[in-house]
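Listed next: structures, encoded as structure tokens.
One chain, subunit A, links the two complexes that follow: it is found with subunit B in the first and with subunit C in the second.
And then the complex of A and B:
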């Protein structure tokens, strides 16, 4: 543990704009970005440990690894051994059960780095708080430090089971808080004793694990796996209101109330017309529009309103003015010879 | 957040773009007139100078004397007199005359009252920012009518419309109608919606009838509390302001509202309101009430007292606005005429005709020579009409180059035009 802490203090904690490169990132850089000092035709790295065929004979040879154990082997060995379903790793002394689907090309030449990156990715998917989630920058930095500690625990295989359980509880707690679908934390499959995939018994084993830790979660529901100081309470967003196309506006006539029907001689004549009886034609629409017209602008006093408009002219008035000058100006816009 | 009728009206372009104070109107007209005058004088001077030059050339080359272009009717250029431009008042009289002619034209084309009224407003709006000296109302009014037909969804096909308005004396081609179309649309600032007081008047009268029938359900600020009380009150309205209250039967009341109030008010709206500035100065709601005020004052006052508390300052303001608007309407020639004996009417008409005749003659001598042939101007602007016009080669070439450059620029920005598959575009 102590080792981890010192390592974490080494630099992964973000300090404002501090750009201090961590040892890890340095090693990542030297491994992946710096041109390799070793020639690519290194005999050891280019011979498959399973079938002993070498890249020298087969330039298209590809090496794959499985995150269960990070043992490297060539593509054709993977095809040969794992095509018929999960099988134990052929490397002597490993014997972990591997599935073909999990094999992939290693991004990094150093498989330790490959594994570390995988672990970091998994942890980061669960420990995904941001600075804005914390009260102060210090709280955030403390959080980052803890995350780094967890990560190094996993990398250095210290308290792996315990840490994995805590991470899973944390993931559950987060999901419960946000109401999002539960995110399953996948423990590091390369750890001995972790709930790795063991053929088809994986499910039952995991269930057994949960029940074994079940009594603790039941008695202590508040156990989130971790406790971070200064973490803001997450407020679930309010449920979305039904869409209102008028944005809360409505038309409330002030001078009339629409009645069901109006009587007038000329109207009765029209009401009997065939044309007015077709579907879709509604007399109330006509009444409403006529009455709206009748009172639209009754108390709009143009003189007053224009004078008021002139004083602090909004952008609409400016537009009007410009349109007016364009329309009135000596040459009407683009109206004469266009060139 | 609630919107009442006034808020709705405030969103209209008629209010936002085409409402003015009386001073603004006068100032704008003076400005338009001044600009047009300067332009006409400048253009006439230029063209005269060109003519003189051409005449000199002709005389040196020895084939002078053939100058048939309007020798019998001198226009601004061929006349040798100083250009005498129209004044603002003359312009207004002229435009008004053409508005009246347009009404007749619209009736001839069997357009509805709405189209005609819209067309007249288009003309009035157009001539607020343009002078008849620049664009002759004859050309503009035809196109405005065509446009109004389209915007009021009573479209007549172009060819049909052209034959409709052609007479034996003057043949109107579709090109002539289309030529100033964009010009007008632009001057209207693409505002095609004109709010008329016609439907408003109908709505108001329907509302009054429901008061008369005792079925009124709307707001009631009068002293008569129930619908039945209101009905009784409206039956007892005096015929004239200050007149005696007399109880009328419901048939008499219906007659009064529909025949004696509605019909003359509708006539006023159709004719007089369109010929005056009320569309610019007042809202449709005020206009129909003002027109009805001229026909039946007690009825309107009673109606307003139902609609708003008569103690409120707004009520006073509405009444003042209505009276002002009514004054504009009633002092117009077309309204005054109604109350005069026949011979007096004839005298007024003759006077007006003489004035118009003088103006048309005068306008001929101060018409902007650059804008005489709108068809050619329009062709010059169009992309593919260059061949037909007599543009000089140099200009056409430059135009072509500019166009190609523009096309290239837009292609680099937007990418080239998509290829059209299948049927050839018409």
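And then the complex of A and C:
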């Protein structure tokens, strides 16, 4: 583009600005006045309970929750409080140790629903039997009912410790049965005293190791945490047989043994011929073929073979009888060279 | 069809296994080649055996022919026309009907290719060899071979189709089926003499099936000469290029080695323009043969000793093979090199090849149902079956008529 035209364009733009609102300023104006796309249930939902800043001052405010306690706070608070490592929840009366990594945006507005969905997801990943795993439909339904009971126990915080331990044992038993790599089951962190939060990473790992090793001994004592009636035994598929390059075929002589060499006058002449050897002619092939030709018909019963064919035997019988009479009758049907 | 009384002629509801097909056919043809005969479709109402005008072979032929319904034409070559077809009683049982054209060279009989094909296919029954359901003739003296329906193209199309990817386990599975087919042929003393990618058709269940026995023959007796002008050039072993007249199954094994290498390479392994060039291509890879490496090579008809020491080439080292055929792995390379030994006495036989550790080492060959395939459709089989033995598909960049001139003196 030439300098002249660009200058001309610049002039036009300036004129436009002088004349009134430019498209940019218009859009900024409309943005600031636009009501938030997020539906408000109450005024408090847009005020961070920790720093009390509101969406009015910070339109990009984002609220996060931690599945430890499901207390909501704004992103900047999370950054401020938890950036330097685990810290207690700032909500009064909670004081649970939270980590920044676990914070996430809530899927549901109602955090009780959020928690229930989380629990259900976790239970379903452990209690993952299907109808085909059970002997009868009733057993499957009983199982489903029991799973629902476990879920509700966790949701309503009834026997939480006990249920969590049983779930853990069940998960271990399942992993041992399928031979899968162990998936460590994390007890619900929102439950008070589930296993106590340990601040040091090494500590958690050690503890996880201890519990898992303890549980493997448990599974050996066949305490699986739960006992479902009518559960089919898992049968491991038999190991695959080694590959057979011959695919089960074998052509071995039954009525003779093949020697390495045979002596016959008419053969010795050829045996010394260089031309026979240089091209890879195999004498054993010739011997084998001669013997096979000689013994080939032994124990072959044509009648049996015909009967064994997967055809209506009546027709076959007619056919062979006819052919036999024809041959016996000296007709011009020559069946000698049938093979 | 014309068979009104079912008892008249021993119609077997299933096509006769190949055993009976040949004599029927030969009988019918000898009848046909003689002069006037009643039309083959004459209705048969009397018991024909008591000297009816249509002889028994013709009736059997008619009964056989009426079992099949011929459908769309799939392809036409110089040698045969291929039709899709199915059994009359069960239209879901598909077949390919290969109708051999009358050949000017064989006015008084059947084309040699057809004889060979019928003879050996009717003798061999193996899952990796194409099945010959029946043979019958039509009024115009054309011979029809009812062959297995193999709709998924061939091995050459498979490696040429760049939209298909396959692994070393797939190569192993295909190679194994090929080796089994060859082993079975050789164990029954049949030389195929035209093994190449597009004679290895693929069935609907991904089984590789050896087809086109138009150049096959049985193993020669000691002293009997065979022609050296067989096997498509790319797959022809050095002893045949040197004009050897006494060879055995190991000539086929060279072709097998070429096909396996081709699968791993996804291009022709030893391509050339002329027979002479073929030999130089082979020598580039395997070195100049000498009396030490191949005892007696000097006695072969077309052998020329290298003019000077500088003309002697050395075989390629193992590293060359590893770089060229990485998909085969060390075991596979060892087997292929065994199949591609210059001296046929040192070459692996089909049985030795199947006993090689390549098959049992990792990776395990892919199961048939998991093998990749191209939905080539019936058209490709038409293309493959209509060719003469030794002929190459058009446009493959090769001079055709490779192995056409056959010497039948050795038959």
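Operating definition for what follows: the second predicted complex is superposed on the first by the 177 of 339 C-alpha atoms of A that agree within 3 Å, B and C clash if a C-alpha of one lies under 4 Å from a C-alpha of the other, contacts with A are read in each partner's own complex, and residues count from 1 in each chain.
As a working rule, contacts are C-beta pairs under 8 Å (C-beta built on N, C-alpha and C of every residue); 3 or more make two chains touch, one makes a residue touch a chain.
Since the structure is predicted, the reported quantities are computational estimates derived from the model, not experimental observations.
Once the two complexes are overlaid on the shared chain, A:251 sits against subunit B and subunit C alike. Of the two partner chains placed by superposition, only subunit C is touched by A:273; subunit B is not.
In the superposed model, A:138 lies in contact with neither subunit B nor subunit C.
In the superposition on chain A, A:62 makes contact with neither subunit B nor subunit C.
Touch criterion not met for A:232: it reaches neither subunit B nor subunit C.
When the two complexes are overlaid on their common chain A, residue A:282 makes contact with subunit C while staying clear of subunit B.
Looking at the shared chain after the overlay, A:307 reaches subunit B, while subunit C stays out of its contact range. In the superposition on chain A, A:292 makes contact with both subunit B and subunit C.
Overlap of the subunit B and subunit C interfaces on subunit A: residues 249, 251, 267, 289, 292, 316, 320, 323, 332-333, 335, 337-339. Against subunit A, in their complex, subunit C makes its touches with residues 6-7, 9-14, 17, 19-20, 23, 27, 49, 51, 55-57, 126-127, 176, 179-180, 183-184, 186-189, 218-223, 239, 244-251, 294-297, 299-300, 343-345, 347, 349, 354-356, 359-360, 364-365. Within the complex formed with subunit C, the subunit A residues making contact are 240, 242-243, 245-247, 249, 251, 267, 269-271, 273-283, 285-286, 288-289, 292, 309-312, 315-316, 318-320, 322-323, 325-326, 329, 331-335, 337-339.
Here subunit B touches subunit A in the complex through residues 1-6, 8-10, 15-17, 19-22, 24, 28, 31-32, 35, 39, 129-130, 183, 186-187, 189, 195, 197, 199-207, 209-210, 213, 215-219, 254, 258, 281-286, 288-289, 307-308, 314, 317-318, 321, 370, 377, 380-381, 395, 398-399, 402, going by the rule given at the top. By the touch criterion stated above, subunit A contacts subunit B in their complex at residues 248-257, 259, 262-267, 287, 289-303, 305-307, 316, 320, 323-324, 327-328, 330, 332-333, 335-339.
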